[in-house]
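Below are structures written as structure tokens.
In what follows, subunit A forms one complex with subunit B and a second complex with subunit C.
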Partner chain A sequence: MTDVRVAGVGLTPFGSHPERSGRDLFGEAALRAFEDAAVDRADVEELNYGNFMGALAEHQGHQAPLMAEAAGVSCPATRYESACASAGVAVREAVRTVAAGDADVVLAGGMERMTNLPTDEVTEGLAIAADDLYEVRAGVTFPGAYALMANAYFDAYGGSREDLAHVASKNHENALPNEYAQYRKEVSVAEAMDAPPVAEPLHLYDACPITDGASALVLVSEEYAAEHDLDASVAVTGTGQGTDRMALGDREHLARTPAADDAADAAYADAGVEAADVDVAEVHDCFTIAEVLALESLGLFEPGEGISAAREGITTADGDLPVNLSGGLKAKGHPVGATGGSQIAELTRLLRGDHPNSEHVPDAEVGVAHNAGGTVASAVVHVLEVAE
Partner chain B sequence: MSDDGADAADASSPTDRAYAEWLDALADGDGFAVVCPEGHGSLPPRRVCPECGSPELSREPLDETGTVETYSVVHVPSPRFAADAPYATAVVDFGPTRLTGIVRDGGADDEAPAVEIGDTVAVDVGERATDGERLVVFRPADGEPPTEGE
Partner chain C sequence: MTDVRVAGVGLTPFGSHPERSGRDLFGEAALRAFEDAAVDRADVEELNYGNFMGALAEHQGHQAPLMAEAAGVSCPATRYESACASAGVAVREAVRTVAAGDADVVLAGGMERMTNLPTDEVTEGLAIAADDLYEVRAGVTFPGAYALMANAYFDAYGGSREDLAHVASKNHENALPNEYAQYRKEVSVAEAMDAPPVAEPLHLYDACPITDGASALVLVSEEYAAEHDLDASVAVTGTGQGTDRMALGDREHLARTPAADDAADAAYADAGVEAADVDVAEVHDCFTIAEVLALESLGLFEPGEGISAAREGITTADGDLPVNLSGGLKAKGHPVGATGGSQIAELTRLLRGDHPNSEHVPDAEVGVAHNAGGTVASAVVHVLEVAE
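Now for the complex of A and B:
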């Protein structure tokens, strides 16, 4: 086993790019990642690419060879799909490939195009990440599923819409200086409370936006980094994945996400760290309640205690444990198949000290990224550490 | 109960024969779960228990009424539910398994009633207002008459 280093990261601005094809978006992210890494494209041995709904949004299946062309690499290329965790699993397989010594250089990331579709078709497209027979046909939408979890959480542990509004307000505040973020505007708790309902108790500002964008990471072995004198100070030291029953109604507990518990346990064990060691986190806040569930699955808060973390200032930028300093999916945006790679790009920048919000975590050594698919039937967790 | 999958063939979107049969049974008041010897309940089609892998599965009746474990009133629907919104989705415990469906009051307009966690409901099969597709519907079963126009 060898250490896996993040040699370079690349992102497109997240937002509305209806006139740009997926190949153009991923091409831009990969170009930036290679510029950041100073790695020769010819050394790339695999491309692991995440994408969720390209067949619906672009009428384009079999995207991996196309994205290898867009990135200018010539190597085996595979598309990974696990709904909103598509890039997370793509990165995880890249990490495992490098750690196992099967490759020295892997390009990993993802892309999603969404804004070229009408909103109702996006709603329909995202719903296919749920059980078609027993959930979608019963009227469950993507926001609706998280709303079911939110009401179950309130019933089990307490909490309120206002607690969730604090999560939204925090993440919008964090996005303000992030040049890649879709929404760089403040949202007050009162504004979030007054927004129209989507699926009660979730309102407009509890939900992430519809986003186009791409992410790319150049991952290399520690040996390759040393041989080529790369500036690759951040290592991916742990990876873990979990799976749960597809339909929310088949889960043991409607207000917990055990797939993410399993992913976190495995990633922490892999890295040899504990939840208490974590200094900064990027978590999958597709809806405000999802951030709460993520914090509890990661062991950063006990079940029932994550709900008040933002309101109490623990997870804000100047709190003890800043969460989603990128702005999160909530404000930075959620191009579904790119998100898992974007989280690791942001965490890398935060730990390297070149993120606009790095000033809030100057001494951070350990970061954790949590990426979820569907209503967390899939979860991927990565641990990143400052290696030198 | 239909054995020929005719309902599946009539459906406007791809479906599953066992699911169509299960809906037929539900409509006839014979709703069931597929249960293994360990008592894990699930919904068809199943070759094995999704919890323990046992192939020894039997059909067990659902409880006559169920308890609402969570719900949400959906205001922004998918296109297939455009004419149904706002509607109340709920996850209901029926003994051997939970079901997910839409709560309707059974009144003249069959609208979404006020729902609370812990409410007792019965299960039925209704139709989507948008396109007539069949779906799982829950109705209040607390003895109160349906409240119309709420």
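Now for the complex of A and C:
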């Protein structure tokens, strides 16, 4: 097993890009990643690409060969789909490929276009990440599903809408300096509390936006980085994946996400670190309650204690354990098939010290990224560490 | 690197199953694979699942967790999509995972439902495997695309509709005893010649049917097979993948499939065999001309010589190099996301000696499977060998 290094990261601005094709977006992210990495694209041996709903949003399946063209690489190219964790699984397999010595250079990431669809079609499109037979046909949408999870959490552990409003306000604050964020807009706790309801207890600012965007990472072996004298100071030292029953009705506890527990356990074991070692985290806050569940699955907080983390200032930029310094899905945006790659790109920038929010984590050495699919029927966790 | 063994294979009957859900089909294939393997499903460490157009055909993305439930396994589960090569890439990653020592037991395969859609929607659905911007909007469908490739072949090397009719007749003949085949029906060369045109020079019997079905393989490490005293006499010794430009207009030569050349080269090198060692092959004959292109990419015939292979009796059941003894996509059927797994299941049965057509290859030791996506913008090749 060799060490896996992040040689370069690339992102498009997250937002609304109705005039741009998917290949255009991913091509831009890849271009930025190659520039950042100073790696010759001719050296890329594999492309792992995440996309969720291209069949609906762009009438385009079989996207991996198109994205290889867009990125200017000529190599085996594969699409991974695991709902909102699509890029997470794409990156995970890239990490394992490099670690196994099967390739020295892999391009991994993802892309999603969503804003080109009418709102009802986006909602329908996103719903294919839930169980069509036993959830969608019964009327479940994702805001509704996460609202059920939030209510189950409140029932089991306590907590309030105000706790969630603190998560929203924190992540919007974090997004302010992020040049890639969709919403660089302050949202106070009072504004979040006063926003219109979506599905109780979730209101407008508890939900992430609809977003277009792409992410790309150039992952290389430690040996390749050394040979080419690359500035690749961040290593992916751990990867883990978990799966749960799809339908909420089949779960034992609506306020727990065991797929993410499993993914975190595996990633920490792979890296040889513990939750207590984590200095900074990017987690899948598609809804504010999802950030809370993620913190608990990652072992950063005990069950029932994640809910107050933002309100108490522990996970804020100036807190002991900053979470979603990128702005998170909440404010940075959530192009679903790109998000897992974006989280690792942001974490890499934070650990390298070149993120606009790096000043809040000057001594961070260990970061964790948590990417979830659906109502966390799928989860992928990665551990990143400063290697030199 | 450990040896990767096929411990068990499972297929549903290929055909029209409008009353059955996708999870029901994959669950049946997995059940059969576990029975065949005599492996405890609790030992499965990962599920790699291929599906192409579930978002359109079943309004269901994020299928991997559902298929884990259906198969009765509790482990990381990932969907792979590479058009008609979806199961091929799923199996390839499973092979690499076992070979790398990351898991001892992986369940791999795929599923597709197609017959539940109206014909025009199936055609539209399949079209998402082509380039939406530069092919589909210009009116290209897959029969049309393969017709262009056939005409280009005839122009470059010669050949005729009758040569292709021999491919169709051969594969229908092979399907007769196959209990899983969709069309167990003799088709003479004259009948194929007289069938109505689809896209010249391709007529009805040059095209594979629309099919529902699933495939599953239990892949294990050599060590696991030995420890559990499994009857796993067939090994996957080589895997390769290739990618080409997506749109036909961007290709240098419409009658060559370099993605499959690359995949074959890599698979042979991985296995340490040469084309001359191959005793039996399952290739991606979505159209008769595709079988010809596959034979040449696999190095089994020189460019321009594959076209006469069936007519001359070389690739027939009693020939020197039987091809598509399963009946191929042509007659066995083509549930696109399942096909790559089905080919390896059939090849395993042929090499083990328990396929209804095994009598034609009693001494076969090396088999090759060729799975293609779109107009071979993606290709995956596997080498299977009798190991003991």
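The rule we apply is simple: the second predicted complex is superposed on the first by the 388 of 388 C-alpha atoms of A that agree within 3 Å, B and C clash if a C-alpha of one lies under 4 Å from a C-alpha of the other, contacts with A are read in each partner's own complex, and residues count from 1 in each chain.
Please note the rule applied: a contact is a pair of C-beta atoms (placed from the backbone, for glycine too) under 8 Å apart; a residue touches a chain by one contact, two chains touch by 3 or more.
Fair warning: this is a prediction, and the values are worked out from it, not measured in the lab.
Trainee: Please work out whether A:164 is in contact with subunit B alone, subunit C alone, both, or neither, and reply first, second, both or neither.
Mentor: Once the two structures are laid over each other on A, A:164 reaches no partner at all.
Trainee: Quick one: classify A:56 as touching subunit B (first), subunit C (second), both or neither.
Mentor: After superposition on chain A, A:56 lies in contact with subunit C alone.
Trainee: Just to be sure I read the superposition right, which of the two partners does A:245 touch: subunit B = first, subunit C = second, or both, or neither?
Mentor: both
Trainee: For A:133, is the partner it touches subunit B (first), subunit C (second), both, or none of the two (neither)?
Mentor: both
Trainee: Should A:198 be classified as contacting the first partner (subunit B), the second (subunit C), both, or neither?
Mentor: So A:198 only meets subunit B here.
Trainee: Using the touch definition from the top, say if A:21 reaches subunit B (first), subunit C (second), both or neither.
Mentor: In the superposed model, A:21 contacts subunit C only, not subunit B.
Trainee: Of the two partners subunit B and subunit C, indicate the one touching more residues belonging to subunit A.
Mentor: Comparing subunit B with subunit C, the partner touching more subunit A residues is C.
Trainee: Examine A:76 and indicate which partner it touches, taking first as subunit B and second as subunit C; both and neither are also allowed.
Mentor: Only subunit C; A:76 stays clear of subunit B.
Trainee: Let me test your reading of the model: by the given contact rule, A:373 touches which partner, first (subunit B), second (subunit C), both or neither?
Mentor: The second partner, subunit C, only.
Trainee: Touching A:89, do we find subunit B (first), subunit C (second), both, or neither?
Mentor: A:89 contacts subunit C only, not subunit B.
Trainee: Give me the intersection of subunit A's contacts with subunit B and its contacts with subunit C, in residue numbers.
Mentor: Subunit A residues touching both partners: 127, 133, 136, 245, 250.
Trainee: For the complex, give me every residue of subunit A touching subunit B.
Mentor: Interface residues on subunit A, with respect to subunit B: 120-121, 123-124, 127, 133-141, 143-144, 147-152, 155, 196-202, 245, 247-250, 254.
Trainee: With touch defined as at the start, can you tell me which subunit C residues reach subunit A in the complex?
Mentor: Touch list, subunit C to subunit A: 21, 47, 52-56, 58-62, 64-66, 68-69, 74-83, 89, 93, 96-97, 100, 102, 125, 127-133, 136, 241-246, 250, 262-263, 373-374, 377-378.
Trainee: Where on subunit B is subunit A touching in the complex?
Mentor: Of all residues in subunit B, those touching subunit A are 15-16, 19, 42-43, 50, 69-82, 84, 87, 89-91, 97-102, 117, 133, 135-136.
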